[in-house]
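Mind looking over this structure? Questions follow.
The letters A, B, C and D name the chains in turn, as written, and every chain counts its residues from 1.
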Amino acid sequence: MIEKKFESAVQAVSDMQDGATLLVGGFGGSGLPSHLVAALAEQGAKDLTVVSNNIGAVSDGVAALISNNQVSKIICSFPVGPHADDLVERLQKGTIELEIVPQGTLAERIRAGGAGIPAFYTPTGAHTELGEGKETREFNGRLHLLEQAIVGDYAFIKASKADRWGNLVYRKTMRNFNPVMATAAKITIAEVNEIVKIGEIDPEEIVTPSVFVQRLVQVEAHEEGKVLVHE
Amino acid sequence: MIEKKFESAVQAVSDMQDGATLLVGGFGGSGLPSHLVAALAEQGAKDLTVVSNNIGAVSDGVAALISNNQVSKIICSFPVGPHADDLVERLQKGTIELEIVPQGTLAERIRAGGAGIPAFYTPTGAHTELGEGKETREFNGRLHLLEQAIVGDYAFIKASKADRWGNLVYRKTMRNFNPVMATAAKITIAEVNEIVKIGEIDPEEIVTPSVFVQRLVQVEAHEEGKVLVHE
Amino acid sequence: MSNEQQAMGWTMPELASRVASDLEDGWFVNLGIGLPTLVADYIPEGKEIIFHSENGLLGLGPKPAPGEEDPDLVNAGKEPITLVPGGSYFSQADSFAMIRGGHLDAAILGAFQVSQFGDLASWKLPNATLGRVGGAMDLTVGSKRVFLFMQHTTKKGEAKIVEECSYPLTAKNCVDRIYTNLAVIAVTEDGLVVTELAPNVTFEYVQEHTAAPLKLRLATVRG
Amino acid sequence: MSNEQQAMGWTMPELASRVASDLEDGWFVNLGIGLPTLVADYIPEGKEIIFHSENGLLGLGPKPAPGEEDPDLVNAGKEPITLVPGGSYFSQADSFAMIRGGHLDAAILGAFQVSQFGDLASWKLPNATLGRVGGAMDLTVGSKRVFLFMQHTTKKGEAKIVEECSYPLTAKNCVDRIYTNLAVIAVTEDGLVVTELAPNVTFEYVQEHTAAPLKLRLATVRG
């Protein structure tokens, strides 16, 4: 019988190794799997490559792992925010590497990773410093960059509801990077507010089919009306 | 005020020009926009390039346009079925061109067309006759083909329900190529069984957001229990 | 000079209203973080404009009433928002497929600099350690029209409309129209063309605060 | 000889049961059109195997009762099917992202020919005007494991397991295991290895009906 539920976030991340590549969902605090991030901070795996859209928007996101010296490389689109100081300091010391990627290219590289597409061309970033050193090619008279897929060893994602097989639904803009990161890791761990019986989620409403989720952790929903992103 | 509904399938296709590229959704008879196809057969535009997964599975699909001599090129994955005779005859006469594309590559080329990705690499079809003449490249020690996006002038798709803005939901495996083709045409025409008021479709359930649909036509649902695909 | 200049012409709400009047019924429009979000408040009655937020929704509505904020419903600036009836949610991959695939009728964005060729610089200050690219590069290459919504000069009074951008580029040759407190300027193959002047602003004044050559070709007064 | 040979060893339902016993609890499995669909009927109790159908669903269930067919619910062979609780629907792009992205634990497919290197030919007869590629090329390059489910020879008694495929290839070096009415054969770096023989079938008989060298290395009898 399929059982993907782990008793705690700490248990779900316990086998993470130094040097792993980790995808972390969320857009700032919205849809951020903060319990999994906290568990990883406790677990202590180091030398991580972390892929996440925003770094520094909230204190309980990837910023916590940076402050904890667990991260050697960041791939993101928006490394700016009230909690980016430790990132800036480590960049200046040269103890962390930063790769800034346009948000759509970041999403597409992750989608490609999940979809078995090793590389694709995009017009985004051509003629800019983010395109420097990348292979280019013209299509329809327009310059494009060759971009490579991103695949994670682990993905931490957040959803509102799951069933035992790992089917997931989200709430509103909580989706953001979560459904796409779910497809692109060897082990996707979903932090959810509710686990319901098989068959209780309408098959037409499932956003992330069960095949993409390896582990589930149930956590408390954040308090009603508490906006996590404004600290 | 946004109003995408046309009075009839005939009106919705009336401006189609000779030489247009047309994407037709459906997988055999499942999710096939048969009223739009019939309207186009009546309208008579010729020299069409038609992109559709199955050719010949059902009589009221693209096979009808081929028999009507409206098609000069077919791009599909499965040109075989009880209604493929006219295709075979025209291929032998050399009056129609056929490009067979693996189903996943077909879906991905259309998705790329809708997503602004002009080309991508896939392992599918490497070392096969369908890959002959295509640019190849190794990634991770494995041979890949460079595949180009497909964009349509029109897409004919089928959905079960729409609202005035063009948001769409589907029924079961009716989805197949419909949501992806909806994204990849200049003018997407959706044949739907029901048009409901704005706000009546749960935003979490919308599969094709309104931005991808330019025209709507309401048609009768096929008869309960009638399996169109077994003729 | 700066504050004096920035006080000239249209106020930002007036400019938002001016931009809103150019959006057409049924358009799908992305509003950049900051000033451009003002535009949503000035859509004329009877026009349906559907706003896109790149974090994954179509149908961005007004700010929620105090106490009604939902942490799972935010815009690209991570501020609480609402969804209008007819709105929808989708993932980042789908949101940027929409953007890059050319499905948005317009993106209304801010700018550090814009060149006479429509090159845009908006994501990074020169010599900054960090840039904040977010969705800016995708929106500028993908949207059918890119409109800038900005003060005509910097707070220090420096020209933002220039011959060549000296700041890191967001995209080349992508801007279609520039709305500033002083004027509406079209980017054409023929260079920058002032098509409208704010009340009590002369063409000469606009040219004086612009570091690229301008032409004057006033559009017929809109009904 | 042909009918005699095809009557030897396991019947197709027995073979389906044999394949089903090798599928592991929790696997996501695609069953090719035709014979392989038999496997779904023989999953041992207590094992949860989730079947994928490339036209866009996970959780393929048994055939509907007569009169209960739904034209909007079909499998990749366009036959009416059902969905089990926990199943889901998705588009072709998502379905093949799942396939090509390596998310399926196994694909169980038919074959015209398979070579000693695991090259597969399954989509087109030599010199045919038309081929029916469908999802075969994606499934073979994308699935974690490719199992063939087939008669050991053609109806005419010709070997289907060959040194080099003479039919157009579906994919190179993609097959992991071959289940036929005569034997279970693993494709290894060391060549084709018979790991199990059907009742009353000798290794020599299998070799005689196979146009590529076989090795014998019987697996321990399964509990």
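One rule holds for everything that comes next: a residue touches a chain if its C-beta (ideal position, glycine included) is under 8 Å from a C-beta of that chain, and two chains touch if they have at least 3 such contacts.
By chain, UniProt protein names: A, B = 3-oxoacid CoA-transferase subunit A; C, D = CoA transferase subunit B.
Since the model is a prediction, treat every value here as computed from it, not as a measurement.
Novice: To reach chain D from chain A by way of touching chains, what is the minimum number of steps?
Specialist: Between chain A and chain D, the shortest chain-hopping route counts 1.
Novice: Hey, which pair has more contacts between C-betas, B-C or B-D?
Specialist: B-D
Novice: Using Cα averages as centroids, what's the distance between chain C and chain D in whole Å?
Specialist: 56
Novice: Would you mind pulling out the distance in Å between where the CA atoms of chain B average out and where those of chain C do?
Specialist: 35
Novice: Would you kindly tell me how far, in whole Å, the mean C-alpha position of chain B lies from that of chain A?
Specialist: Measuring from centre to centre gives 33 Å for this pair.
Novice: In angstrom, rounded to a whole number, how far apart do the mean CA points of chain B and chain D lie?
Specialist: Going by mean C-alpha positions, chain B sits 29 Å from chain D.
Novice: By residue number and range, which residues of chain B touch two or more other chains?
Specialist: Residue numbers touching two or more other chains: 108, 111, 115-117, 122-123, 170-172, 203-204.
Novice: Would you mind listing the residues of chain D that make contact with two or more other chains?
Specialist: Within chain D, the residues that touch at least two other chains are 83, 89-90, 96-97, 99-100, 141-142.
Novice: Which pairs of chains touch each other in this structure?
Specialist: Pairs of chains that touch one another: A-B, A-C, A-D, B-C, B-D.
Novice: Which part of chain A faces chain D closely enough to touch in the complex?
Specialist: 1-2, 111, 113-117, 163-165, 167, 183-184, 198-199, 203-204, 206, 209-212
Novice: Can you list the residues on chain A that touch chain B in the complex?
Specialist: Listed in rising order, the residues of chain A that touch chain B are 108, 112, 115-123, 139-140, 144, 169-172, 202-205.
Novice: For chain C, which residues are in contact with chain A within the complex?
Specialist: Of all residues in chain C, those touching chain A are 53-57, 67-74, 78, 80, 83, 89-93, 95-97, 99-100, 124, 129-138, 141-142, 168-172.
Novice: Which of the residues in chain D end up touching chain A in this complex?
Specialist: 25-26, 28, 46, 48, 50, 52, 58-59, 83, 85-90, 96-104, 141-142
Novice: In the complex formed with chain C, which residues of chain A make contact?
Specialist: Residue positions touching the partner: 27-31, 53, 57, 77-80, 84, 88, 91-92, 98, 100-108, 110-111, 122-130, 160, 170-180, 207, 222, 225-229.
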